[in-house]
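Structure first, then comments.
Chain nomenclature is as follows: A, B, C and D, assigned in order of appearance, with residue numbering initiated at 1 for each chain independently.
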Amino acid sequence: MTHSKKTSVAPKPWGGRFSEGTAASVEAFTASIHYDARLYRQDIAGSCAHAKMLAKQGLISQAESESIIEGLETIKQEIERGEFVFRPELEDIHMNIEKTLVEKIGPAGEKLHTARSRNDQVALDLRLYLREESGRLIDLLTSLQKAFVTLARKNLSAVMPGYTHLQRAQPVLVSHHMLAYYEMFGRDIDRLNDGLKRINVLPLGAAAMAGTGLPIDRDFVARELGFSAVSANSMDTVADRDFAVEFLSACTLIQLHLSRLSEELVLWASEEFSFIKLADAFCTGSSIMPQKKNPDIPELIRGKTGRVTGNLMALLMILKGLPLTYNRDLQEDKEPIFDTVDTVGSSLAIAAELLGNMEFQREHLLEATSGGYMTATDLADYLVLKNVPFRQAHAIVGRTVAHCIEKGVDLTDLSIAELQQFSESIEEDVFKVLSVSGSVESRVSKGGTSGKAVSARLQEAEVKLGLA
Amino acid sequence: MTHSKKTSVAPKPWGGRFSEGTAASVEAFTASIHYDARLYRQDIAGSCAHAKMLAKQGLISQAESESIIEGLETIKQEIERGEFVFRPELEDIHMNIEKTLVEKIGPAGEKLHTARSRNDQVALDLRLYLREESGRLIDLLTSLQKAFVTLARKNLSAVMPGYTHLQRAQPVLVSHHMLAYYEMFGRDIDRLNDGLKRINVLPLGAAAMAGTGLPIDRDFVARELGFSAVSANSMDTVADRDFAVEFLSACTLIQLHLSRLSEELVLWASEEFSFIKLADAFCTGSSIMPQKKNPDIPELIRGKTGRVTGNLMALLMILKGLPLTYNRDLQEDKEPIFDTVDTVGSSLAIAAELLGNMEFQREHLLEATSGGYMTATDLADYLVLKNVPFRQAHAIVGRTVAHCIEKGVDLTDLSIAELQQFSESIEEDVFKVLSVSGSVESRVSKGGTSGKAVSARLQEAEVKLGLA
Amino acid sequence: MTHSKKTSVAPKPWGGRFSEGTAASVEAFTASIHYDARLYRQDIAGSCAHAKMLAKQGLISQAESESIIEGLETIKQEIERGEFVFRPELEDIHMNIEKTLVEKIGPAGEKLHTARSRNDQVALDLRLYLREESGRLIDLLTSLQKAFVTLARKNLSAVMPGYTHLQRAQPVLVSHHMLAYYEMFGRDIDRLNDGLKRINVLPLGAAAMAGTGLPIDRDFVARELGFSAVSANSMDTVADRDFAVEFLSACTLIQLHLSRLSEELVLWASEEFSFIKLADAFCTGSSIMPQKKNPDIPELIRGKTGRVTGNLMALLMILKGLPLTYNRDLQEDKEPIFDTVDTVGSSLAIAAELLGNMEFQREHLLEATSGGYMTATDLADYLVLKNVPFRQAHAIVGRTVAHCIEKGVDLTDLSIAELQQFSESIEEDVFKVLSVSGSVESRVSKGGTSGKAVSARLQEAEVKLGLA
Amino acid sequence: MTHSKKTSVAPKPWGGRFSEGTAASVEAFTASIHYDARLYRQDIAGSCAHAKMLAKQGLISQAESESIIEGLETIKQEIERGEFVFRPELEDIHMNIEKTLVEKIGPAGEKLHTARSRNDQVALDLRLYLREESGRLIDLLTSLQKAFVTLARKNLSAVMPGYTHLQRAQPVLVSHHMLAYYEMFGRDIDRLNDGLKRINVLPLGAAAMAGTGLPIDRDFVARELGFSAVSANSMDTVADRDFAVEFLSACTLIQLHLSRLSEELVLWASEEFSFIKLADAFCTGSSIMPQKKNPDIPELIRGKTGRVTGNLMALLMILKGLPLTYNRDLQEDKEPIFDTVDTVGSSLAIAAELLGNMEFQREHLLEATSGGYMTATDLADYLVLKNVPFRQAHAIVGRTVAHCIEKGVDLTDLSIAELQQFSESIEEDVFKVLSVSGSVESRVSKGGTSGKAVSARLQEAEVKLGLA
């Protein structure tokens, strides 16, 4: 047998049965400490609760438990001060901490791993981590909602074109458009909250995969760590990464929502739309074209949808066809999760900041609502109220618009006589419904764009967000 | 301008403004009737509720409403009897039904689309459809859970190896293994139920995207159709497909779970494992090798994980970077949804049937638990109870196992004297913990594999499923 | 054992070893005839070549071979006339054809499957199919290239804004922009051609997975079917779907390219850009808004990028972790392939047609190039030629543009004296480089947008496409 | 306007037009230097060639060119010695190097960016990088092929079961199985080589997107940098990331192949198969179960298929719907590329090493080929040679196997009389074809598993790899 030089560094915690040390290339390939070190707080919190339980159950002494907890606290501080030396040959965060603990406090440290396996330990760390990050993302989503609500309040009665198929469709309030995003990101909060129910379940006690014969108290640990339930099947517990998939799915939807917002911001910042002005501090220039001012932030946010979706795809593929229970493939779950948390978190934060540094160019918005026959639907609805069946009304207005296009005029440019050529049901009161503001204000249906409907929802949102 | 021959068939319901008919190639490319016809029931139910509301609000007469509803009922029956002729030039299910309705009942039919757009109509149909399908999948998941519970009860005390890394790890009860899947698919039910909260929101009334000025009553329609809420923002309403993404995400996890089960069944059915026997009726043979009996069902289920995941990726990509509100890209949402519903539904059904036609080969299972040092952890735990720190205990047992491997014997083959060479803490009572059944029965921790723990959970499951 | 009613229909060709018939639900779940019937031509062509070889090698008689080929020809005609009855209980296209052949010609038909397995047969069919479809897509890509070249010729000297970050950057020729797509789709052709090298390898003769002991002649079959090579390892041959993955990857890039084109068409057709006019025959309207004319075709093409990508992801996931050699999971390869072929093919065809029915609105394009400081880079390059280091030149122009923005004027509105305040190197000849046409014409670098450079490339393209 | 504190650090190279500095949060969000620093060698090589060309064309002096090249050389050495300070406020590797160059050599450095943009510069760097990495991966693939060829030679005549559906199908040579992987990874090499044709095209000279008016010589630069072609359209050039998608697609297939190998290794290392023994140095143990020896390497490689596929998905989604030409979204291309290169490279390397430290357990392999009726196809083929139509032969053997199963015996256990009950065509010579070695050796068809066929291919492989 030939292979690269073997490491002689630390004897492995699982090395008793092995006749050869681990190849250095293998250590490099399998080590996760360079990324899972990020879980140190969760790992230590979990170990402290575990140690307390071991003492309570008489598996270790009270003194040993205290010594362990004190040692772990010291390690945590060392890590936070940047003084802790992570050793790749110790593979992961769990072994780095446990080994250092033993070096610090002696044999008591060797008792910490009693009735525990890395299989349930890493599941614990990940659940604690995602519980925390779900909460942080919910806070960021709430801040983003506030940014939209603030913009809505600031532009309550400003009018802009509403689009379908990127064609001007009907005039809407800028505030209505902003609140569309308020609703969208609100659903993201609900989804994260639903996911938390499945995250917040204690895995510790499943041990390697079969549970343990040592007299542990899982409910005690759950209470200590704030879990609302204890997992019900040890094999399922160590094989399960559903909660992570669900979290990544929810994050993908958040980033997708941000991509839709970003697309709109990029469009609106273009010369052609000129609907918004982004602060200079939130744009960058070109290395060659001196006149450029680019909407880099929304472009990057939109681009980052790729990586978040890619991370979801990665985890799905990892899990495909894995037999129970723990397989080492699962180690690959962490990097996509961490990258997603970073990407979605920073995108949400910068998006909220960007919205706070953006101005709607109201005169351009208003201008864009004139022309384009955007009140054609109002004319059809007007006819409906005059008892013309909708389909006929639609056809009448279609012909009227075709006539206007040919003549190069707007609907409001037609005289009452001209309008009546298309339908006798049209009367003088028609001009009210053909105006942009009349159109907007008419849409009083629940969820519609009239000032009345929008104000009502805006106020609800402000109350919910503590802004009112 | 040159293009393929134009259709002169039906004038389009939106054709008033157009000077040219639609190209035949365009009709073929844009038509969706060949797949969205599947939504006919939902479309008709929605239209009936809409018509009732229009009458209640005085937008149409009571007689017109009744005529519409009667006409729609007739159309539904024609579709179900296979007598309805779907016309591609009418694009989609909505227009096929509306046009036929007008042909059947005259001008009253032309009033049905009052205060409505296809944009909110298709959202309605899709939500009604996914509400129904979520319920159906929940039923299928429940049936699958029953199959696992039945197998667990039937094999309550049979022992098999539990695996990590596909290496024999610790002996477990077959029933424990079956209940791991009970838990897994139980979470799928919970996820579908959570998603239903976001599906079950009425979109109708958003109209094209701005709401409507006609005096509609959305709450009435919501009550008629059993929706628990009314959407809050018309622009968001027609742009939103979150509920579909969430449904596909939940389905992807279901199929992933099935892929893990399938992998195990394929392994277990192999000559090497021989843990199960699948009924001949659930296997197929080879066109060339006369002796083959292949586990095609689990292989196909596992393979189908690809298409379900692909469908999720498809919808995510469709939504990326779409500006508000409705864009035609959204038409592409339906086929991935339908295919997912079919795939996951049929996979769940056949999996349950397969489990009901499968026998565990207990003698092979038992045989597989002997040897392999699967009670090594028990020996370590034994030492822990004799006050040996866990890490030392682990190392002691590691050395003991290495010794056994070298000698080619099992742990139970060692004499007490030999065992004591590795640790003085080992005493005569050690042999109890080295036996497979002793090992299994010792794991009484919550969620563990002992008969006691498993029975408790099994009974809970049976009560929940109405099997007890 | 309980299961759904068993089928008693046809005894299976592999049924000798089985004591039970196949469950009806299993037949329904495993059958592929509803989609693989599409491979009938390939299957028959392969079988004819196989039968010829069997006769040549003396494994069947010449008369038997002729009878087989004649029978297959009849079956092919029946299928094409729609008279062939496909039987789901015969599972797939291979068995449907073989069984019917036996019914038609008797025992000779039972000899066709000699030295062959469905494992190598389906690989053969798929390779023949993808060879043909690669060719068809190459033709469609060529037609699309022609559409771009035609538009380039038609708009050779028309000017439009070139964008980076969707901000106006530098003026370019419309023809240059069109030729960008010519290059892009040209690469797609190259990729399909490269893939063909790996598709065009004969798998037949691998049999089930180990080769055969019967004296076959694989080279003869390869020649008969136009394959350029014979596969080198029987196990690899039946396990391999690389060629399909590679084909789907190439198709995904094609559809991605179409999505970029579609995005531009949607933008250009918007009121805000107004760069193009799509023929009425290639747009559709709204069921509610009578004035709408929507760019449905590019929207749908863009949306279909989701399904093509999803199909690629599906096949990748199917293959992940599959042990050698054939596993039933592989049956799931066909539907993503068929759907991709249909989607990409129809998207390419309609895109070419759409381009032929689209007009650039030159006056709007020209208007859009004025203002926006798009010749700022030219001013910087002008300074470079006056020996100002580029970075300083860039900064000078940046300040000049900032000055113009503040004053609300264009670069060309500044007097020479004003310009000289920013750099003494500016002289009277500057105004030439500040004009849009001067800017465009200056870019004579290879691949640049000057009329000269574009004409040269256009002519090359026309020659290559047979248009010159 | 409110936002986080602004940076006052370095004035941006594009800052002339801006009235505000960049927000610190924006700098943090948009910076890429933490990952694109990896491209320093490519960036410097490209700049050196560019500087040479500028001098040759008289755009800068010879002395300036030499000073630039010298300066860049110094910077390269500083980076390689770890002495270079990367500044995030300078955004990316391009600006970090250029700015430092200016600080080192003064105004000459400010001339380097003449006739160049970051848009074509980053495309250049990426193409140089992928050209190099394609070569490196090809080398690693070749090493892996050598490992398979070595194993094939070492186990030339050892027999093992060949599987379909993970059911024993036909006996094959271990060497044949190893060579299946030789072929598979050989196709990966071909694909990378094909991709290189599209990578190896010079983008420099496209400038921002329209080309340049300065008199550059792109062919000279291409020759300097070893490019085989110059890109033909400036707009396409800066918008194009096809070559990266194609590279990621090829890498995904490589990792998929590794996942299939890994699955087999995990299976083979299981107690149930016991086909191979992995060196202790290439396995790890359990933190709780002292007896465990886990095949972590193949498990991790298999798991890493997720991230590679996820990276491909990420880039595909980034590109979807991007209008021409450069958009900032494209910045997101680098991390998936880098991660893929690292993952695939390290997986290939460790896989080759692992294969070199693995032993086939021949006695277990042989044992597994007895029983299981794996020579049933041979019996059918035997009957074919006795002129029994294949379908009848298949059925006869099917019944024979069913009989054996019922009696619990093997085919070879039947007497000639018993055999003849199933077909009168069976004679004494049948026993030769029923033996495992007879079966293997009979398969002399091209690509088959007979020693003769395998030896021939093995020798070809050894010659190609320089091992013979």
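Throughout what follows, contacts are C-beta pairs under 8 Å (C-beta built on N, C-alpha and C of every residue); 3 or more make two chains touch, one makes a residue touch a chain.
For clarity, every value in this text was computed on a predicted model and none was experimentally measured.
Asks: By the contact definition above, name the pair with the higher C-beta contact count: A-D or B-D.
Replies: When B-D is set beside A-D, the one with more contacts is A-D.
Asks: CA centre of chain B versus CA centre of chain D: separation in Å?
Replies: Spacing between the chain centres: roughly 33 Å.
Asks: By residue number and range, which residues of chain D touch two or more other chains?
Replies: Where chain D meets two or more other chains at a single residue, that happens at 13-19, 113, 119, 164-166, 169-170, 207-208, 267, 285-296, 299, 302, 305, 309, 312-313, 316-317, 320-321, 327-328, 377, 394-395, 397-398, 401.
Asks: For the protein chains shown, what form does their contact graph take: line, ring, star, complete or other?
Replies: Shape of the chain contacts: complete, all pairs touching.
Asks: Using the touch definition up top, name the residues of chain D that touch chain B in the complex.
Replies: Result: residues 161, 164-170, 266-267, 269-273, 285-296, 299, 313, 316-317, 320-321, 368, 371-374, 376-377, 379-380, 394-395, 397-398, 400-401 of chain D touch chain B.
Asks: Using the touch definition up top, name the residues of chain D that touch chain A in the complex.
Replies: Where chain D meets chain A, its residues are 1-4, 6, 12-23, 25-26, 28-30, 91, 94-95, 113, 116-119, 207-208, 279-297, 299-300, 302-307, 309-318, 327-332, 335-336, 346, 349-350, 353, 356-357.
Asks: In their shared complex, at which residues does chain C touch chain D?
Replies: The contact residues of chain C facing chain D are 13-19, 59, 102, 107-115, 119, 162-166, 169-172, 176-177, 179-184, 187, 190-191, 194, 197-198, 205-214, 216, 218-219, 230-240, 242, 245-246, 249, 252-253, 256, 259-260, 262-264, 267, 302, 305, 309, 312-313, 316-317, 319-328, 377-378, 381, 384-385, 389-392, 394-399, 401-402, 405, 433, 439-440, 442-450, 453, 457.
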